[in-house]
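Let me give you the structure first, and then I'll get to my questions.
First chain written, first letter: the chains are A, B and C, and each begins at residue 1.
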Amino acid sequence: MKLFKKNIPLAIVLVFGLVSLASYYVPNRMSEDYLEVMNAWENIVSAFGFFLGLISLFYAHYMKIRKKADGWGYSLFVYIGFLMMVIPAIISHGKQLNPDASLTWLGWAFRYLYNPLSATMFSILAFYIISTAYRSFRIKSLQAFVLFVAAFVLILGRIPVGQMIWDWALGFTKVTAGEAIDWIIGVPSTAGKRGIMIGVAIGAVVTSLKIIFGIERQYMGKD
Amino acid sequence: MKNTSILVSAFLILTSYSSFCAPKAGKAAAPSPIKMELKNFEALDFPYDKGETGLLKWDHTEELNDASFSVMISTISEKEGWIEADTFKAGEKTADKVNLPFWAFKKDKNKYAVPVELNNVLSSEIKQDVPFFAKVKIIKGKNSFESQTASAAARGNWFRADRLNNLLLFLFVSIVFFIIVSHAKKKSLFIRRIAGLDAIDEAIGRATEMGKPIFYVPGIGVMSQISTIASTFVLGEVAKKVAQYDSYIKVPHYDPIVMTVSKEIVKQAYTEAERPDSYKEDINVFISHDQFSYAANVDGMISREKPAACFYIGYFMAESLLLAEVGASIGAIQIAGTDVDHQLPFFFTACDYPLLGEELYAAGAYLSKEPMLVSALKVQDFGKLVFMISVALFSLLLIIGSKMNWQGLSSTLTEILKVY
Amino acid sequence: MKETIQKLLKIDRRYLFLLLTLSILIPILKPLGLPNKSISKDVQNVYNFIDSLPEGSTIICSLDYDPSTAPELHPQATAIVKHAFKKNIKIMVLTFIPGSTGLIDQLFEKLPAEYGKKYGEDYVILPYMANIVAVITQMNSNLYSIYEKDKDNTDLKSLPMMKKITNYKDIKGVVNITGTAILDFWVAYVGDKFGVPVMGGVTAISQVGYGPYLQKGQLKGLIGGMKGAAEYETLIKEPGKGTSGIDALNVAHLLVLALIIMSNLVMFFFK
C-alpha cells in the first residue's frame, strides 16, 4: 500500500519535477514538445476533475434538500441556476450570437443573467471597503498615522475634486497631487511590494525544492 | 558536410536556371553589375535555440560605411526563390548588439551578426536540420551588389548557455538547501513567533467552546500554485487539531482537484488524531469554479452558519475582502494568509491575524515542527541574506562603474544579472 | 452626548451602505458636472503610444475581464478600440477568460459600424483559449499553430488583415485589459522576453500593485479603474461611460475620506 500511496507518487513528483526544471535549460524542440504534452495532460486531468466537482456539488445540495437542512431552499437555486445556463447553452450550440448578430438563448442568459449577477458580487466590494475603512482605519500608533496620511493623499489625489482641494490647500508647496501619488506609489509602496515579492519568490523556490525532493509531502497525507 | 555541399551546388544550379525562367527570382540579381565579396561571410546555426533560427556573420570593412544591407534567404524546397528577411543600415546589427551574454556569444563591434528566424521568413514551415541559403544585397548609393551565397542548417541545441547564470544560481541554492536540510536532524532550530499560526489553537479552542463550526477557505488557486500547496499543509494541521478537539470543520472549494487532495489530507488528519469515525465526506465541498459565485456562496454559508473561526489561506484575488468582511461582521476569529501581495492590505484590515507572503510557505514547517521542514526555512533566510548582500554589492559596483565611466564593468554586471 | 457620539463608532454598517448607495446613485441620476481635468502620466503614455503608431499597424487587445469587473474595464476597452479605429490601427482581440467572450461580442456589436470598420480587414476576434502561458509563448514563433480559426470558425489565414501577420514581430503592441493577474503574464512572457511593448488596463483596486512594472518600464502605460477610462475618453475626446461615472466616483471617494476622518475624530475626542 505504501508503494502506491507514497513511493510511486513521490517518484512521479521527483522525475517530472526535475525534467520540467531541466526543460528550462534545454532549448531543443523535444523539451518544448514535452511541456506541451504536460499542459495537455493537465487540462485533461482537470476536465475529469470538474465532473468530480459537479458530482460533489449536486450530491451535497441534494442531501441538504432531502434532509430539509437549514437553508435547504437555497440549494434549489443551485439546480435552477445550473439549468438556466446549461439549457440555453445546449439549445444555442454554445454560440452567443446568431449569424444576423442577434442574441441567442445563451447570449441572452449570459448578458441578462450572468452579467448582472457577477457585477453585483464585485460591486459589493465597494460597500465592504467603506465599512472596513470606517471600522479599522483608526490612528492608534505612529505607523497607523503614516498609513493614514498616505491613504489620505491617495484617495484625495485620485479624484478631480480632491485635486482641486489639494491645489487650494497645498498649492503653495508647488507639489501637485499627482506628483505626491507618484512618489508614494513609486517609492515607499514599491519598495515594500518588492520586499514582499522577493521574499515570496525565495519562499517559492525553497518550497518547490521541498516538494520535488519529497521533503514536504503533507499534501499527500502523512506517512 | 558532404551532403551540405551537394545541396549547395544543386541549389546554385537551380537558382541560376530559375534566373533564366522566372523573372521574379531574377529581379533580385538584376542590379548587380559588379560582384562584391563580403569579408568572412558565413551562415551559421543560431546557438541555444530550438532550431528555427539561422545566423549570418560578416566583417565590417571601411567600404561598407554608408551602405545598407538586405538579407535574402531561401531553402532548397522553397518555390518562391529568394525572400527578403531583413534590411538595415551599416553599423546596425553588429555582433555586440545580439541579445546574448558575453560568456555565450563573442561580442564584436566590427562584425555583423544577423539572426534570421527562418519560420517567419519562409512561407513553408521548416523542419530541423534543413539547410538554408543566404546572401546579402549591399546597397550603396544607387548601386547594389550581391554577396556570395552561404549555407548552413538551423539545429535544435541542447543547452541554453545564455542561462548559465541562472543555472549556477540554482545549483548554488540547491547545494545550500541540501547541506542545511541534511544537517537538520542534529539540532533544533529557533523559529521566530508567527502570531497568525500561534492563534490557530486559540481559534479552534474557541469554536469548540462555542459549539460552532470552523471554516477553512483555500482560495481560488489550483493545485499547481505554491500558495495552494502551502494551504493544504496548513489544512492538514488545522484538521488534525479540529479532530482532536472534536470540533467541526468545513472546507469549501473552488477547484475540484484541490478538493480531491484536501479530502485525502483531512481524512488522514482525522486518522492521525485517532478519530476516523468523526470524519465526514461533506467536510470538503465543491462550490463553483467561478470566482464570484464561489465568493457569494461562501459568504452565504458564513452568514448562515456563523462559524467561530475562519481561515483564509491560499491564493486570493478580489474575493479576499468579500469573504473577510462577512467573517468580521459575524464576529469570527479570522486568520488569513496569501502570497498575493496586493490582497494583503484587505486581509490586514479585516482579519485578526494575517500571514505575510512567505510566512504562508513557512506555515507547514512551523506547525508540524518537523526538523527537515524547519531547516528548509533556514534556506529561505539564507536566500534573503544572499539577496540583500548582492543587491548592496551590485548596486555599489554599478554606481562606481557609472561614476568612473567604466562601461565594461557596468555592462558585464548587467549581463550577469539579466534573465535570458 | 458622549455616549451617543461613541455609538457612532459601532454604527450598524447598513447605514454606511445606505450612505454609499445614495452617494453613488444621486450623481448618476442627476449629474453634478464635476470636472475631470487631470490626466495621469500612465494613461497619457498609453494614449501617446497608440497615437504614435503608423496607420495600418496591428495591436493585440487581450480583453480578459468578466462581467464582474466590466463596469470599470468595459469603458477602458471601448476607449482603446475607439482610439485604434480612429487612427486606422488594426486590432487582434484575444481572451483567456471564458466569461469575457460575451462582453467582446457586445463591444464589437456597434462600434465597427460607427467607424466604418470591417471584420477581417480592420479587426479580428480570436476564440477563447485556456492555458495562457503556453499560448502567448507559442505565439512568438507562429500564431497559427495556436489559432487556426477565428471565433466564428473561419480560417484565420484567409482573413485579409492576417495576411502579413505571423507572430509578435508583426505586432506593434499589446493592450491587456483585465481584472486578473493575466497582465503579469503578458509583462513577463511577452514584454520582457520578446520585447513587445505591453500596456495595461486594470481595476482601481489592483492599480497600485503595478508600480514596480511601470517604474522599470516593463509596462509602457496603465489605465486604472473608471477614472483611467474617463481620462482616456477625455484624451480621445469621446466622453462615454467612464466620464459619466466620474461624479459618482468623486462623491464616493469623499464619503470614504469623511468617514475615516469622522471615526478618528470620534475616537480621539470622545474615547
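Methods note: a contact is a pair of C-beta atoms (placed from the backbone, for glycine too) under 8 Å apart; a residue touches a chain by one contact, two chains touch by 3 or more.
Bear in mind that the values here come from a model prediction, so they are computed numbers and not experimental data.
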Interface ranked first by C-beta contact pairs: A-B
Per Cα centroids, the chain farthest from chain B: C
Cα-centroid distance, chain A relative to chain B, in whole angstrom: 19
Chain B and chain C, separation of their C-alpha mean positions in angstrom: 25
Chain A and chain C, separation of their C-alpha mean positions in angstrom: 18
Interface hub residues of chain C, defined as touching at least two other chains: 13, 66, 68-69, 99, 179, 205, 208-209
Sites on chain A at which at least two other chains make contact: 42, 117-118, 121-122, 125, 129, 131, 133, 135, 137, 193, 197
Overlap residues in chain B, where contacts from two or more other chains coincide: 290, 292, 318, 329, 341-342
Interfacial residue positions of chain A with respect to chain C in the complex: 35-36, 39, 42-43, 96-97, 101, 107, 110-111, 114-119, 121-123, 125-127, 129-131, 133-135, 137-139, 148, 151-152, 154-156, 158-164, 177-178, 182, 185-186, 189-190, 193-194, 197
Complex contacts: residues of chain A adjacent to chain B: 24-32, 42, 45-46, 49-54, 56-57, 60, 63, 70-71, 74, 117-118, 121-122, 124-125, 128-129, 131-133, 135-137, 193, 196-200, 202-211, 215-216, 218-222
Touch list for chain C against partner chain B, complex: 13, 66, 68-69, 99, 141-142, 166-167, 169, 179-181, 192, 203, 205-206, 208-209
Residue ranges of chain B touching chain C (in the complex, touch as defined): 52, 117, 119-120, 125, 290-292, 317-318, 329, 340-342, 419
Complex contact set, residues of chain B against chain A: 48-51, 128, 156-160, 163, 166-167, 173-174, 177, 181, 222, 224, 226, 229-230, 232-233, 236-237, 253, 255-257, 259-261, 264-265, 267-268, 272, 282, 284-290, 292-293, 295-296, 300, 304, 318, 321-322, 325-326, 328-329, 339, 341-342, 344, 346, 349-350, 356-358, 360-362, 364-365, 368, 372-373, 376-377, 379-380, 383-384, 387
